Amino acid sequence: MDWLNLVILPAIRVIIMIFVLLTGAAYLTWYERKLISRFQIRYGPNRAGIYGLLQPAADGIKAIFKEEIIPNHVDKVIYLMGPALALIPAIVIWAVIPIAKETPAIADVNIGFLWILAIAGVESYGLILAGWSSNNNYSLLGALRSSAQMISYELPMGVFLASVLMLAGSFSLVELVQNPRPWWEWIWLWAMFPFFFICILAETNRAPFDLPETENELVAGYQTEYGGMKFSLFMIAEYINMITTSTIMATIFFGGWKLPFGILQNVVILGPFVLLAKVLVLLFLFVWVRASIGRPRYDQLMSFTWKFLLPLSLVYMFITALLTIQFK
Amino acid sequence: MALPMLFFVLIGAISVAAAVGVVGSRQPVHSALFLLTNFVTLAVLYITLEAQFLAAIQVIIYAGGIVILILFVIMLLGSEEIDGDITNQSWTGYAGLLLGLFMLSAMAFNFLNAFGEMDANAAALQGGAPKPVGLALFTKYILPVELVGVLLLVALIGALLMGRFPSKRVS
Amino acid sequence: MVPTNFYLILSALLFTIGVAGVLTRRNALIIFMCVELMLNSVNLTLVALSRHWGNFNGHIFVFMIMAVAAAEVAIGLAILIAQYHLSKTTNIDEINLMKW
Amino acid sequence: MGFERFIKGATEIGKAMGVTLKYLRQKPITVQYPTEPVPVYPRFRGKHELRRYENGMERCIGCMLCEAACPTGAIYVDAAENDPQNPTSPGERYARTYEINLLRCVFCGDCEEACPTEAIVLGHDFAMANFNRRDFILTKPELLNPGEPNVVIRPE
């Protein structure tokens, strides 16, 4: 009984979750390519299968059968650890996200928010180690850029999350979604959403903040020495990160698995689909931003977070504290 | 063996191995990674000790902050293997090792007899949830919290001043 | 349940390894990491005893130690970088300007 | 001032995103190339062809002017006297071998200009990929019997 409850059942849930996430990441590439090509008045992938739906499978097969090259001058163990360390946090962060009524993905811990912050903190290891172990100046510069960027944007993100935390009054994401909120709280949250979204863009290294992998200056940054499936792991990590952060945003800002105005709240099976719809809309936002906005310079990126976002987030947190004291 | 015991032995073994790795690695980067492993295993142990909040904080501060800072510094300085030539071989290290072993055995001997079974006081800790810890921090221990805040500010300013390139006057 | 003294012995072991590292290694960075190791082993002791007696004081202590460790890392690494700019080495045997 | 800059930047970003959203609603202008051919202009210079008269006689009289005109030396002509009983061309001579090296040809059309009988013309076929370097040398039978190219000629 001990073993069943502590090891086997969680293991099954974990395996299902990983399977769903990997498939989701694969199809997110399809979704992104389709959307971005429509933004550019193209068709996008449409050869493999109907509407190009088999394209991710084809890409995967291609990546698996590519030759595995490990350059001579790299630090082998760390070189191989890099992609894994990039991928694992992206998956692990899912454990605390509620996917339906009273159903978290893995566990309802009462430190859900801290879990997200902690995993976001260790996310940069994969990149920084990949860059260092490649033993290549371009990779190292790309890795340093990416980790500096991620650490810097983590600060305003953490402060914003702390504000949400204050309003919610609980560290648990399950409770955050479950408890009803007054209308002014929603509006106050949505006022912050664009800035939080900017932080998320920088955290996930997505365009327009994809400076770590700029093709024209740094030769793809930390990914330079990687090929085949190892390179694909970085890409999968990036896409899973997109899914994860979209889910977190959907959970925090848009009520997670709940439909608006409390419609059909007791139909548990509807939860994941509502969440999926919200995530798809947020992913559309990611792609839309990528299609529209050019990349800033690195110093602009850094001064934006340190001189604008961080003070803004602190002011936001202060006002949130006042509101919380006043109305709760 | 019961499941918690098995888990403890496994995590403890990883932790000790990582600590040995920190001391024994030739490359500073490897040391830093072993240190990271050690911190993460300690976080896991905190969870088994009903200290969820501390486990999360451990990962945020140590894994997310300190080790990354150390890695940054290693990359800034270039991680040459500096230990190659010890210029003045000293006996203090070996004496220290001996004394350390002695201390370890003394501590182990003491601990083996004291602190047997845990009290069933787990309920009082409430699983180490953030709420009681926070309440204690901001009521009973508010002065130390404020002092730590001042300390962090001072450290920030000090690090900023010292981390700059040395000015002409110094060199 | 795992008895408390197991945690304490593990913590003692980690502490001793940290001490050994500080005494035997010559690279300032690694000595630094060993100091962190020792701090963490003390944290483990505090948490284990806090669990043993069933009160929060140990948790508060650990929280403070972590904050102090963060400050210490910032200052220590800054000192290290300044020293490196000055003498181009992190080997503590060669940092002997004050011994002359 | 900072606030103004912020407002300005936000509106700029909003504008940019509006533009892309406008394009999202448009129908793609992509041509699905291998299944849906791209139209070429009537004077497009593609793969070479040798032409015949209506009665089946070859137009080429083996004068070798095209060989002389070719700037890259891609054309090789070996002329021979016509058999009077069974002439292959109306003139005195005809081309016994006529080869074009497509790897050297720059598709300038000078051979077309030089030809007095308009025997050699550049057709519209542009899909000339091959697996073998030898196959890039067009021989006389290939030149005389060009395949029907998969191209649409757009009105001029």
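Per-chain numbering from 1; labels A, B, C and D assigned in written order.
The criterion applied here is as follows: contacts are C-beta pairs under 8 Å (C-beta built on N, C-alpha and C of every residue); 3 or more make two chains touch, one makes a residue touch a chain.
Computed from a prediction, not measured in an experiment: that's the story for all the values here.
Colleague: Are the chains other than subunit A still all joined, and if not, how do they split up?
Modeller: Without subunit A, the chains split into B, C | D.
Colleague: Specify the chain pair with the maximum number of C-beta contact pairs.
Modeller: Maximum number of inter-chain contact pairs occurs for B-C.
Colleague: What whole-number Å value describes the gap between the mean CA coordinates of subunit A and subunit D?
Modeller: Roughly 50 Å separates the two chain centres.
Colleague: Provide the C-alpha centroid distance between subunit B and subunit C, rounded to the nearest whole angstrom.
Modeller: 6
Colleague: Quick one: subunit A and subunit C, Cα centre-to-centre, how many Å?
Modeller: Centres of subunit A and subunit C (C-alpha means) sit 33 Å apart.
Colleague: Approximately how many whole Å separate the CA-defined centres of subunit B and subunit D?
Modeller: The computed centroid separation for subunit B versus subunit D comes out at 72 Å.
Colleague: For subunit B, which residues are shared contacts with two or more other chains?
Modeller: Residues 53, 57, 65.
Colleague: By the touch definition up top, name every chain pair that qualifies.
Modeller: A-B, A-D, B-C
Colleague: In the complex of these two chains, what residues of subunit B are touching subunit C?
Modeller: Checking each residue of subunit B against subunit C gives 4-5, 8, 12, 15-16, 19-20, 22-23, 25, 28, 31-32, 35, 38-39, 42, 45-46, 48-51, 53-54, 57-58, 61-62, 65-66, 69-70, 73-74, 76-77, 82-83, 86-88, 92-93, 96-97, 100-101, 103-104, 107-108, 111-112, 114-119, 121-125, 128, 132-133, 136-137, 141, 144, 148, 151-152, 154-156, 158-163, 165-166, 170-171.
Colleague: What residues on subunit A touch subunit D, complex-wise?
Modeller: Interface residues on subunit A, with respect to subunit D: 35, 37-43, 288-289, 291-293, 308.
Colleague: Can you tell me which positions in subunit A touch subunit B when the two form their complex?
Modeller: 2-3, 6, 75, 78, 81, 109-111, 114-115, 117-122, 124-125, 128-129, 132, 140, 144, 147, 151, 154, 171
Colleague: Mind pulling up the subunit C residues that touch subunit B in the complex?
Modeller: 1-10, 12-21, 23-27, 29-30, 32-34, 36-37, 40, 43-44, 47-56, 59-60, 62-64, 66-75, 77-82, 84-86, 89-91, 93-94
Colleague: Which stretch or stretches of subunit D touch subunit A in the complex?
Modeller: So the residues of subunit D in touch with subunit A come to 6, 13, 16-17, 19-21, 23-24, 26-30, 32.
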